[in-house]
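Worksheet for the structure shown next.
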Amino acid sequence: MLSFIGRSIIQKIITLFFVMVISFLIIHLAPGEPSQVDPLNPKFTPEMVERFRKAFHLDEPLHVQFVYFYRDLFTGKTISWKDNEPVLKKIGERFLNSLPLFIVATILIWTLAFPIGVRSAIVRGGAYDRLATFFSYLLYSIPGFFFAYILILLIVNAFHVPVIGMKTFGLTDVSLLRTGMDRVWHLVLPSVLEATVGIAVLSRYVRSQMLEVEGQDYVRTARAKGLPPEQVHYKHALRNALLPFVTMFGLMLPGLIGGSVIIESIFSWPGIGRMAYEAILSRDYPIILSINFISAVLVLIGTFISDILYMVVDPRIRL
Amino acid sequence: MIVRRILIGAPMVLIIFLLQSYLWVPTYEQQTRGNPERLTEYITASIGDASILNPILSADSASNDIESKVFEGLIDRDKELRFRGRLAKSWKIYEEAFFYINEKASIPHLGKATAPEVVKLLKRARGGYVPVGAHVKTSLDNIREIAIVPAREFLVTRQEKVMGKAAEKTAVRIRVMAPDRIKLILKNVDQDLFKSLSTILGSDYFHSFPAQDYLSGDEGGPDGSRGKVDYAQEVLPATEHNPVIIFYLRPHVKFHDGHLFEARDVKFTYEAIMDPKNLSPRIADYEPVKEVEVVDPLTVRIFYKRLYSPALGTWGIGILPEHLLNSEALKKEAMRIGNDPERFSMRQSSFNRHPIGCGPFVFQEWKSDQYIALARFDDYWEGPPQYKRFMYRIIPDLLTQEMEFYAGTVDSYDVQPHQVQRLKNDPAYQNFSGLTFGYTYIGYNMRRAPFNDPRVRRALGMAIDVHKIIQYVLYGQGERITGPFVKQTDYYNHLITPLPYDPEGALKLLAEAGWRRNKEGWLEKDGKRFQFTLITNSGNDLRKAVLTIAQDSWKQIGVDVRTDVVEWAVFVQERVDKADFDALILGWNMGIEPDLYQIWHSSQTHPYQLNFVGFKDPLADDLIIKIRQEYDHRRQVAYCRQLHELIAREQPYTFLYASKWTAVLDKRIVIRETDAAGNIIYRKITPTKTGNYTFYFNKWIKLSEAPVFSAKD
Amino acid sequence: MTKTDNKALFRDTGAEEGPRAPRESRLREFWRLLRRNRLAFSGLAIFVFFFFVAFSGLVLTSGTRPVFDPAIVRLQEKLRPPLSEPNLANLLPKEIPTLGVYLFGTDDLGRDVFARMLQGAWVSLTVGFVAVGIAVLIGIGMGGISGYFGRNPVRVDHILLAFIVSLGGGLLIGGAFFAGGVLLLIGSTYILFSLWRKKWSGKQSAQKLLRLLHKDTISIDTLIMRIVDIMLCFPVFFLILTVVALLPASMYNIMIVIGLTSWMGTTRFVRAELLSLREQDFVTAAKALGVSDWRIIFRHMIPNAMAPVLVSATIGIASAILIEAGLSFLGFGVPPPHATWGNILSDGKRFIFDAPWLTFIPGFAILIVVLAFNLFGEGLRDILNPKLRERY
């Protein structure tokens, strides 16, 4: 166990290093430069562009820039080129905005996918199952922004209430409960939209796991014993089918920082995804690279946790 | 079965909880009824967030929007686009002109003359004792004072390249023995002064001034004699124009923190722009400034190195509070957050996220990508605005901006022409539009054939139905233009007729240039098909539409056009800067100043410069320089109109249209004023003649009911 | 051994593999199962229909005088609703739509949406197919190497060589021609040198340096799986967006980038299949007969591992179309003049109140096609996987 952990950590650090190198190269080798260095601004003289390049270390060779950047990142000194704010502070702020979305979407996914998937598996082949299959594929196939616009149009036209942003603007001097509920309302649409694909995929996965388990001998035995089908399904089968899902908790980790660019742009939700997108547009390299780095770290930690959890819940596995 | 119940119950509870929150959210009507505070708040939406709230550092429009509310400049433009005083009560422009006595030159009827003799001659000429032409007379009448600056000696150090070692430079000390100099103080700036004086002093008097004779130092300078002469003329210019602006500042103006605004803040703002550590994008505007002098706390005098007529306009820049940003304050801030004080500059200061100025609104809060909140400044010198709060919301999607407008949580947004078309007839809204200061054009790379032929450029322009573009793509929210000046200013020459839409005529012109249709219908010359690529940047739907239309129209007359839409950064760096394009669609956002040097002067055609189409015309160059140096509005207008005509004839661009900005507001937003008797009167918001509807923004307020105005409003 | 012998052998091994019914009947069985799965069958029907539309779109909208010209701009006829009659009075003869009506209406420049959708079908299909094609090729290659040669070690000199050559290539691209050239030269000399050594002196050299160079590090399998891990660390959409936003916009870049970022799943499937296949008797037999490794992989093993690849490819095409639509929404999709359903949709959304058909027609078209691909892929999975089949 310990040796597995040790080996795995070393492996992950090496992987991380390559991720750092590759993402750095992708960004720096691409044509174009940060928008602060905008030569088509009549007010910019070539000398100024040169000075900006110097200030951003863009005139140094690549490997020196690489060292500078990651040295700053690890000491927490990286600043965004756009506004000179510390990158970590900016990411932290956005993370707090994305967090409620992530939480509500995750709860929606997990609470809805299970009943749908389980029931699908129990009545497999039936009308309900086929309907559920069809709808989960429908949700999976619909272009996110198209769906978002349809929903927004429906709601704004039918109810005349604001849905964009994190809260209703211009709402002052009202009770705490009301502002709270207002915020919840603004969470509903974006989180439902972020959850659609998740619900579709997870419910399919639950269904196939249930099917797998229902075919096992011990479930057949339980059924043969004459236990009520309810109990067979929900006690014997479901419990065992749940096993692999425990490991998925680890894999959810990267979702913390991977808010959907499209949904956040449409709902003008100031989350991480949008910040990343805007950073790409203005070529704010420190932000792009930091987000990339953090998400890679989260992916690696996530797989690590899920490996460990797998070992813990399934005694058959010894790595 | 409990598991089953949980499985079904949990999602139910969750969904019900989420949906019931709907009941707490106010609808459009409730927002104003149940919440009177909402009426005193103005919320506007923008696609992008501000980047840095410091007028000398920012270069984006969102930051600009906020800065214009928080900061105040010395002057700005009134509704007729004339200058009016803000922090400056008034100002005066005059000139100090200098020339060195040319001891070797011979003056007509006088011979070689010393300084006192020249002064005497000039005084006599001014007194009318010397017969001169009318032009010279005006120049002489303009002279207020004549004085002698006595000869003096000084040392300069010059960095010189060492022969053979290109990179190394040595400091060479040069002793300069400057001769007597005449100082003329003029009532008004006069770019023809020396031309006029040379009719009195002899046509060669200034040209033949032997500056190099007054320099001595390490002899045999390595640059050769040519370089030395140039350098000598740099150190001892025969003639020099030094325009001067005096600003008389408004007394008792306060910054938001209560500190009094004074002349040193102006000087500080100038120095901050020029400080290379700050990397200010405005530096080019202030480079001609020689010195900013604080005369007394309410008077500031600005000397310029040379004639530069756009100078006055640059003082609309927001004035920074010196007491918060001077080197001591910055040092303290650096120490507090543990940064190296040596490397810490204004760019890193937290001021840029918590700006303090003396504008009508006080900065309150900035949540990145969410909103920027401002509150009114009760001590504003012109009286506080009507709105208590100003919110700047960032909504990146145009469609959702519109949704929010319907939901009542923004008061104005970047409304698109097609939306105006729809909302125009809605009785709840009022709408405005007016010309912007920018225009859209198709530029041709004149270095490449066949675009070096003006007939071809003209023909291509004639093949596009611009009128139709304005009518259908812009929904009428645009006007045709024929040249590079802002249409609502005097500089624009209204006598020039736009190119007609005439594909037949275009074909005729092309035939003159040697292009004829081949069997397949494509134009051909010497067996080569007329084929090129038209590019524009991505992210601009209008330009994309123009791209498609141009391609289609040119196809009609047999020109084979490829199109390419390129991402902005790549577009600029790979295509525009390196002049690697055939034709492109772009827009210029102009200032009101008619200075076209960077875009049209022939010296600006190199890579990374803005005359990327490669327009070269000696006549145009001459006019551009003259416009730049002319301080008299009437004469400047005359030059501009000439230049406009010239450019319209050459057609280096196909000038398409100046688009209009559009705005839609709730009808309940009106202007509130108090008349002389103390009665409150309401007026309808109307755009000014030059197309600015927010001109009276400080007087705007939202009412709970839309007032009824009499017909004459 | 000659080629004909090999073929004969393959047939033998094929027969040996299992006493199953001949091929034709397999296809028939497949068809029977597909017919029974109604969702998948309708998916296939739409799939085929979409192909037909895309091909006819290619034929009907290209060339100098296409039947349906998606590029004709008729500004005076902008935003006409579907099925509306053109206003003949102010149109030139060649501007009249082929069908006599605007079947799907016109867009904001008065272009015929039907013609654009036809053109877009082909482009969207190409984007999906090429992207997935790239992904599948890389996936099979990597997975194949990993699953078959997985146990072979990577030696120190391999790593050094790869490093030197890639550094040389990088320097060459970066502009340092001399240093890059020298490095590449060193690399190729070493390759020749080792080939020569292998040929002429099979004996192990006793030299220390060479022994160090020939020291084993990790197995090929580990190497490839680590590369997969590295790729999985990137948030896919974000990565695609970054690359597409930074590179010059072009249809090919988008296809390549989507392809290069979605091969990891295929690699894993192929590897897993190969790992289990290589232990099977028919492979051992082929090996014993001296069939070359590559031949075993590509003739004998890959065809047997194709089932999951096919399924993931079908679903991959669907998601490539969706990704393209998402990129279009953010303004980084396939640039004009190519119309794709994604950019028709994202261009049209500005006019959702004025011309809802500009949003809904491409939106639902994408939805239906993607849904069809997914349902068909899902059906394929059920049919090709005998283990699952038994359950019904």
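Worth a mention:
Lettered A, B and C in written order, each chain numbered from 1.
Following the convention adopted for this analysis, a residue touches a chain if its C-beta (ideal position, glycine included) is under 8 Å from a C-beta of that chain, and two chains touch if they have at least 3 such contacts.
This structure is a prediction, so every number in the text was calculated from the model and none was measured.
Looking at A-B and A-C, the interface holding more C-beta pairs in contact is that of A-B. Among the remaining chains, C is positioned farthest from chain B, on the basis of C-alpha centroids. Work out the mean CA point of chain B and of chain C, and you get 50 Å between them. Put simply, the C-alpha centre of chain A and that of chain B have 43 angstrom between them. One inter-chain figure worth recording: chain A and chain C are separated by 25 Å, centre to centre, where each centre is the mean of the chain's CA atoms. Multi-chain contact residues of chain A (touching two or more other chains): 31-32, 149, 153, 265, 283.
The set of chain B residues touching two or more other chains comprises 399, 567, 570, 574. In chain C, the positions touching at least two other chains are 245-248, 349, 352.
The residues of chain A lying in touch with chain C in their complex are 11, 14-16, 18-19, 22-23, 26-27, 30-32, 124-125, 130, 133-134, 137-138, 140-146, 149-150, 153, 211, 215, 254, 258, 261-262, 265, 273, 276-277, 280-281, 283, 288, 291-292, 295-296, 299-300, 303.
Of all residues in chain C, those touching chain B in their complex are 64, 71-73, 75-76, 78, 108-111, 245-249, 331-332, 335-337, 347, 349-354.
Partner chain A is touched in their complex by these residues of chain B: 1, 3-4, 7-8, 10-11, 14, 17-29, 31, 35, 37-38, 41, 43, 48-49, 51-52, 59, 276, 279, 281-285, 347-348, 352-353, 367-371, 391, 393-397, 399-400, 403-404, 406-410, 567-570, 572-574, 576-577, 598-599, 608, 610. The touching residues of chain C, when paired with chain A in their complex, are 38-39, 226, 229-230, 232-235, 237-239, 241-243, 245-248, 318, 322, 325-326, 329-330, 342, 345-346, 349, 352, 359, 363, 366-367, 370-371, 374-375, 378, 391-392.
Of all the residues in chain B, the ones that touch chain C in their complex are 398-399, 402, 416, 418-419, 421-422, 465, 468-469, 471-473, 520, 538-539, 541, 544-545, 547-549, 551-553, 555, 563-567, 570, 574.
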